Every structure is written in structure tokens, then in C-alpha cells.
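Below are structures written as C-alpha cells.
Same chain, two partners: chain A is paired with chain B first, then with chain C.
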Partner chain A sequence: MSLKLEHVSYMYGSDTTLAVRALCDINLEIPDGQFVGLIGHTGSGKSTLVQHLNGLLAPTQGTVTYNGRDIWGKDFPKKELRSKVGLVFQYPEHQLFEVDVFSDVCFGPKNLGLPKEEVEARAMRALKLVGFPEEYYKQSPFELSGGQKRRVAIAGVLAMQPEILVLDEPTAGLDPRGRDEILGQIAHLKEETGISVVLVSHSMEDVANYVERIIVMSGGRILFDDAPRKVFGHVRELEEVGLAAPCVTYILHRLREKGYLVDTGATTVLEARDTILEALRKKRGEERHRC
Partner chain B sequence: MLRDITLGQYYQTDSILHRMDCRVKLVATLVYIISLFLVDNIWGFAVAAVFLAVCIRLSKVPFSFMVKGMKSIAFLMLFAVVFNLFLTPGKPVVAFWKLRITDAGIRMAVQMAVRLTLLIIGSSLMTLTTTPNHLTDGMESLLKPLKKLKVPVHEVAMMTSIALRFIPILMEETDKIMKAQIARGADFESGNLIQKARAMVPLLVPLFIAAFRRANDLAMAMEARCYRGGEGRTKMKPLVYRRNDYIAYGVLAFYLAAVLAVGRFMPI
Partner chain C sequence: MNIIETAHVSYDYIRHDEEGNVEGCTRAVSDVSLSVRQGEFIAILGHNGSGKSTLAKHINALLLPTEGTVFVDGKDTGQEENIWEVRQSAGMVFQNPDNQIIGQVVEEDVGFGPENMGIPTKEIWERVEESLRAVGMYAYRKHSPNKLSGGQKQRVSIAGVLAMHPKCIVLDEPTAMLDPNGRKDVIRAARALNDVEKVTVILITHYMEEVIYADRVFVMDGGKVAMQGSPREVFSQVDRLKQLRLDVPQVTLLAHELQKSGLPLPDGILTVDELTEELGKCL
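Right after this comes the complex of A and B.
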């Protein structure tokens, strides 16, 4: 059981004059039971990439194979693939539509043509997995809080019992507490079910605590694909693609290049101010000596 | 999947027509359309066609964009031509079974086809060279006299420009929701008509909610910036006629005179 992308490239609007290359020669394999973090700056191609994982977008070049079969081959069961690779979009609560929470979660498994008991059992299990309180099962999904809505939406995909769960920015728009809760819940359900999870994010902090492998994307290419420890070793390169480095770090690095002896390790604005002032003082001292 | 729909597409480039005041373009389009209905001989249509060809040339918009607009009315065109061809009374030229094609019918059908073609290309030339915002600005400014009759001109113009602005936004939203539901196993393509209609529910409910949410946000944002209707509202870029615009009006008047003259004094 594995999902494999080979030399995948994708262009938006490839038939018009305004073609934009979103992915470029992506090689990637997602094995069973792995917790993967997919990181990249806005516009790096993350969202485009995840839509290739379940066949929503067809690669302009290259192949996507699931268990060794080309998913764009003739008579490949796309619907089955979409149940095996569960994709949770950004702001998934925007896709809720049913009269109550439970029916909404049933939508996925119902589309798979399962018998009613199986559909309900799956929905129940999914809602438990995301830690959704049972007393709200019959409530309208539109009356819930943002965090709870998102749980319901994630449960809606989980109810199809995918082997790979892909979450596109599952913490976008949540407050710090909601973010930690959702991420904790995802880690928990990963433990419980043993499925593979791909967590898409633009923030290092979000994924660093949970994943065992980090894929860093930039400009539609894969920059790094390694264990977190090793990826974090490339601070400089990460900074270059706009990840995980505070603004002051850039300023300090630039000053250092210009010959000011600032401490580039400073991370807060206050620390940066102190080290800049000190560097200026030293420099002035030197100039006075020269005179 | 939904991006292909074009509606009042603006073609971004820099030309004399793009820079022209939107009011001139609106009036010109209106005059042009009226002129097409005043004309009923070959020479009149020739003048109209040449005038349009010169405008297209000046606009720097590729001709293929105009043809795109034609596709949407191909059916209407066929309809008009066929009806005129068979149902106009006159001297029969060809007759078989109960159908008769008359000389007047052929004349009417050809006229209709030419008229519709010029009309569509002419009006799409306006939308291709004018941004939707300019279009509503121009409309508001031209309809200003109606304010005296208590017609809410500003409100209508504002609503139109908001509606136009929302089209691409909602299109994108539809695309997103569609994909999300497909990822949950929804099927929008197979099944009979009733099944297809039912399959739209998971798309339409979230879409409506999204539209209301956006409308709410927009209303709030407008109020936060003290919007309270057109009363006493000034423009950042007021519409001003420049030299070129007066020249354009002159050219337009000349065109209208030419078309009328040709229609009056040239036979056929």
C-alpha cells in the first residue's frame, strides 16, 4: 500500500497564454503509517500537490501510482481512490451542508454505497476519533464553534476510512488553543488507526512536534525531504524560501554581511536592538581610534 | 473546471480605445446598435462593418476574442435566420413541400445575420476594452439625469459593480466546494436528471452560505469605511472628458451621418 509520484509537473491554464507552472518534477512516495509534514510558503505548490494525491488534478507530466497502478490509467476506480486517500481541504467547515452533524459525516460513506448500518457505524467511529462530543450529534453543523465545525469536517473524510489522510492547513484560522487541540487530536487518531497522515502547513512550529518526516516545498519543487532533525540543519536555505525565520534574523544577517558585528542568533526585536546598538558603538569606537 | 466561462471579459492591454472615457464608449455602442437597425442596404452595412473593423484594429484586442462571444449566440442566430428565411411573405424563389423561401426572406435573413454579428461584436468590443468598474461608473454618470425622477441610479450602479465583482469569487468558491465534495465521494456527473439535481445540494448549500457570509463581510467593511449611499459621495478618479474623447464623439457623429446618408442616397 503506497502512493507514489514520479516526475510530476503541473501547469495551471496550460492551454492558454497565461500558463503558470505550479509543480515541477516532483518525486515522492508516501508509505504506510507515516506521519509526514508538507511545508512551504504561500504559493509554493503545496495545495496543488495534495490535489494530485487523490486524483482531483491530473499531472501535466509524470505519473501518480497507487499500489503500483497508474491512477490516470484506463478504468482505474477513481472513487475508490478518493476513499483511500482522504483529502481534507483548507477551511473544510465550508463544505458542511446537512441538517445535522451526524448526517453530514454520513455523506462520505453513503457515497461509497455501503449499507446503512455500516455507514452509521463508520460515522460514529469517525466522530469519536476526532473527539466530538456525542450530545451534539443531532445539532445543526452551522451552530457549532469554528473548532468544532472543523472536527466535524475532518470526521466527514475520516468516515470513509482512508489509508492516507491528507490535511491541507488544518489549523488555518483557529486560535492557538484550537490549533493545539486539532493537532493533538490528529496525532491521537494517527496513533489509534495507524493510517498515514500528511499534514500540510506553512508553519514549522505546527508540524515540528508531531511528524517523523518533513517535505519542504519551494517554487513548485521539493527542496528537502528528510527527518525533521536534518531538515532543521538547513536553517539558511529554509530562510531563503521564507520559512521559520523571524524578520529580525534577516536584518541581522544583512547587517553582518555589511560588516557590522551583530549577533545573528538574536530572535526577538529587543535582543536585536541591543546587539545592533552595541555593534554601532563598537564601530564608532574603531573610527575614533583611527583618527 | 469552471474557469472557462467568460462573461463580459476584459482584455488587458493598452490602446486608444482602452484609454477612452467609458461614457464615450457606452454612447458609441448605443449609437452603433441603433445605427444597425436604421440601415437596410448593403452600403449601410458596409460602412458599419468598416467602422467596426477600424475600431477593432485600434483596440489591439485579438479578433479571436470577438469570435468567442459569437459562439454563445450561434443558436439564436440560427433561429433568427431560419425564421426569417421561411416566414417572410414575398415572391417565392424556392418552394418544396409546405416551405417557401422568398426573395424578401433571403434578404431579411442575410440582413438579420449581418446585423446580429455586428451587434454582438460591437458590444463585446466595449466590454473587452472597458473594465467592469468603469462600465458601471460610466453608466452611473450617464444615467444621472434620472435621479430627478427618483431612480436610485447610484445604488443600481453600486449593486451592478458588486455583482460583477462577485462572479469570479463565487466561481472560485464553487470550484473549491465541488472538489471538496468530490473528495468525499460526491458524483456530479453520472445519473439521471433527478439524481443530478439532488447531487447539487451538497454544492449549493455551502455555496449559498458562502455568498451570504461574503455579502455580510462586505457590508460590514463598507460601513466601517463610512459608506452611506451616493449622497455627497465623491470619486477618487472622477470621469473627465479629454481631447481624444471629444474627437471620438466627432468621429461617432460623422459615422452616424455617413450611415444615414448612405442609406438614403445609395440604392439596393
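Right after this comes the complex of A and C.
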């Protein structure tokens, strides 16, 4: 399984005088089982890019291929692609509509024309994967808390058994614990099922904590595509395009200026703790040496 | 003088079945008594469902208490004849930048509030100009709001409230949907209102970093005020906050972790400068 974008460009309103270029020469590949973060300021082209991943938008130039086949080719089964690449939009709980949680999750697979047993088995499995408690399966989705509703919405997409799961800001508006729970569950899900996850986020800290690769978008182009510690090494460039590094990165840079030999590539609190302790040990050793 | 004074405020959301009979009620705010002085910068934290937005809606009489009283600038919000004055003293900005803007042009949108108050045209324009300048959006006064970024829209919303010359402004998760830059600009605008214009600011947020400049922090849980104090006092209690489904700023968390590893750091470190200074002492 692999999804590949080659020289993809996209213009909104390309046949009018108001054409706006939203994507410009995008090349990227999403392999099996990768946790990818997609960041960029508002208007950088993230959402347009995401909509290319499952064929909601067709590139003005370039190709999108899934397992080597052009998804815009004549005989390509686009419906199948949409179940293979699952998209969870921002505030997905606004899309819940069924009378109870379980029916809502069944809706997708039911529309695939699967037999009832298969539909229910999939819904069951999806709800388990997002950690939704079984006693609430028959509850109306509208009576749930924000975090629970969001789990149901994500389960609805998982029930389609996608190979790539794309989440657009899945934690917006959730409290810190709710945020950690949802992201933890997604990471766990990725381990369990081996699917790829693309996480669109405005929180550098969340991205740093969970993903193994970060794609930074700016002005419709890919600015960086690398491991978190490498990407967050470009603090100045990130700030120029309206982003930032995680808070700990700034702390470490400051300590480095003050003469502590910390590793400024650390991007999470625990990594930062370890490198600070290490640097303190070294510094103490030095001072003792001088005495 | 106290701009906001709540005494034993409780609020019940009442659920109705299809025939309109009362099915049950949920107590969202429970016996909250607090007071806010004119000119303070207050932050309210709390997990989803803790009652913070419900409480905030009492401040400009969008909700009226089931029990207890709310006074805004000396006016009881429960008295119907006070409602317009209360709403003029206390303005509100919500989370979603896309559903608070009604004008076709930025300056018209900002002028909407004072226009409805019957302010003379000349003064409306003066107010629009000063409000847009206060939030750093004056250069965009002739733009269409549709073309602005989320952070810019939120600042226009704030200007719209500001143009009504409120004494107090309630910001209910104004940055939840914004990117890092938008977030910074909105918080900067809110702090400037407080510092320069002396407007009382009440900020509800899930971003702990936005709270460290507040004069006082209230933490809500189960409809009650569970913790209150200066940011330093509140963020010293890392474990208690985690229990309440909250967090602390990353600097504070890092200091807490270093402390657990045996470094003699004080509780409640809030800024990078404090951390570097304290680490210096550990050598």
C-alpha cells in the first residue's frame, strides 16, 4: 500500500480570471504504518492537500497514485479509494446524525453494501479501537461529551477499515486530558492495526509528542519534510511562516546560549529533562575539575 | 471597585422531552461566589463540561442564574430593565471566528454595535477607528472579513465589542481554532486592552501558556471553583491540575519533571528566564 503525489499543483477557479494557486509542485509519499504530522499556518494549503489524498479534489497538474495506479485514471474504483483513505474533518461530531452511537458507526460500512453481521462486527471493532465504553453504544450521540462524540465520529471512519487515516485537528476545543486521550488512542490504533496516520495540527507540542515525520506547508509548497528533531531545528524559518517550535525547544536554545551543553534537538518534555540533567552533570564535573 | 460580583450562583440546564415535560436537570454551575475588580486580567480554566462557559454567559446576561445573583458594574443581571446596560458593560467574544462577523466590510462590522446603541455617526467612526487600532487591524478596515485569517477575524470580533466601550470583555476560548501566530496576536490584543485601555479581561482557555500573564486564575470543576490564586500558586500544583484534566505550561512541566529527578527547584516556575536562573543555582 502506498499513496504517492507527484508534481501535484492545484488552482482554485482555474478556468476563471480569479484563479488562485493553492498547491504548487507537491511531491510526497505516504508509506505503510507511518505517523505523519502535517503543519502550516491558516491558508498554507494543508486542507487542499488533504482533499487530494482521497480524491475529493483532482490536481490541476501532476498525478496522485494509489498502489501505483493513477486515482484519476478512467477505470480506477474511486469509491474504494474513499474507504481506503479515511478523512476525519475538523469538529467531526457535527456530522453525527443517527439515533444511537452504534447505528452511527454502522452507517459507513452499511453503505458499502456489506452483510449485516460484517457491518456490526466492524462497528464493534471500531468503537473498541477508539476506547468507547460499551454501555453507551445505545445512547444518542448528542448526549455525549465533546471528547466522546469525537471518538464516535472517528470510529465511524475506522469502520470503513481505511489504510490511511487523515485527521484534521482532531483535538481542537478539547481540554488537555481529552487531547492526550484522543492522541494516545490514535497512536495505539496505529500500532494495533498498522495503518498510516496523517495528523493535521496547529499544536507543535502535540506533533512533537506523537509523530515520526513532519511535513511543513507554506504558500502551497512543502517547506520541510523530515523527522521532528530536524524540522524543529529550523526555528527561524518556522517562525517566518507563522509557525513555531515546541516550547521546550526554545527553553533548550536559551540554556545553550547560557552555556549549558544541552541537545537542542530534543522536542518533548522528557527528552528535554534528560538532556538538561546530562548537561548539569557535565557542567558540575567541569567546575570540580577547575577547583 | 468590583466590576463583577456573583453571590451563590447556581444554574440548571433543564431537559425537556418531546411533549415539553421536564425530563431532568443538570446543575452546570453550583454555588459560585466570586468578585472581579475593575481592570483585572482573569483567566478561567476547566475541563470540558466543568461549567466555565456557562458561568461566563452569566456575565453578560445571556444566562440568568437559577439561584443567586450576578452584579455587573453594580447592576443586577436578573432585573430585566438592566439587561442592555449589562450587555454594554460586558462584551463577549466566542470560539468560532466564522460565526460572529456579520458585516461585509471590516469597519462596518465593528460599527454595528455602537450603531445599535444609537451613537451619533461621527462618534461611531471615531470608535471604529480607535477599536481597530487597539487590536492592530486598522490597516484592514476596508477589507472583506471573508478574506481574513482566523486570528484576524477574532481580532475584528474583539474590536466589535470594544467599540461599544465595555468595562469588561469576556473571551470564551478565543484561540481554540487558531494557528500559533493567530493565537499570539489575539492574546497580545487582549493584554493590550487590559494594560492600555484598562478593560477588565476574562479569558477562558485550554492553553495553559496563555494564562501566565493573568492577575488571577480560577479553575472550575463540577460547576464549582476548585482552585484559585495567582498563576504561580495554581501552576505549583501540577498533580492536582492533572487530576482536574488540565495541564501546566511546558516550562512548568519541565521544571516539575526535573524536580522529580532530584533537582532542588522551587514550585511554580512559569517562564524560561526563571528556569534558567534556578538551574544556575543548582550547579
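Note that in this section the second predicted complex is superposed on the first by the 244 of 291 C-alpha atoms of A that agree within 3 Å, B and C clash if a C-alpha of one lies under 4 Å from a C-alpha of the other, contacts with A are read in each partner's own complex, and residues count from 1 in each chain.
Convention: a contact is a pair of C-beta atoms (placed from the backbone, for glycine too) under 8 Å apart; a residue touches a chain by one contact, two chains touch by 3 or more.
For clarity, every value in this text was computed on a predicted model and none was experimentally measured.
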item: Which of chain B and chain C A:I214 touches, first, second, both or neither; value: neither
item: Touching partner for A:G146 - first (chain B), second (chain C), both, neither; value: second
item: Dominant toucher of chain A (residue count), chain B or chain C; value: C
item: First, second, both or neither for A:V262, with chain B first and chain C second; value: neither
item: First, second, both or neither for A:R273, with chain B first and chain C second; value: second
item: Partner chain(s) touched by A:G43 [first = chain B, second = chain C, both, neither]; value: second
item: Contacts of A:F107 with chain B and chain C, given as first, second, both or neither; value: first
item: Touching residues on chain B, where the partner in the complex is chain A; value: 3, 176-177, 179-187, 201-202, 205-206, 209-210
item: Complex contact set, residues of chain A against chain C; value: 41-43, 145-147, 172-179, 202, 204-205, 242-244, 246-248, 250-251, 254-255, 258, 260, 269-270, 272-273, 276-277, 280, 283-284, 287
item: Touching residues on chain C, where the partner in the complex is chain A; value: 46-50, 95, 149-151, 173, 176-183, 206, 208-209, 242, 245-247, 249-251, 253-254, 257-258, 261, 263, 272, 275-276, 279-280, 282-283
item: Contacting residues of chain A [partner chain B, same complex]; value: 13, 51, 54, 56, 79, 82-83, 86-89, 92, 94-97, 107-109, 111-112, 142, 156-157, 160
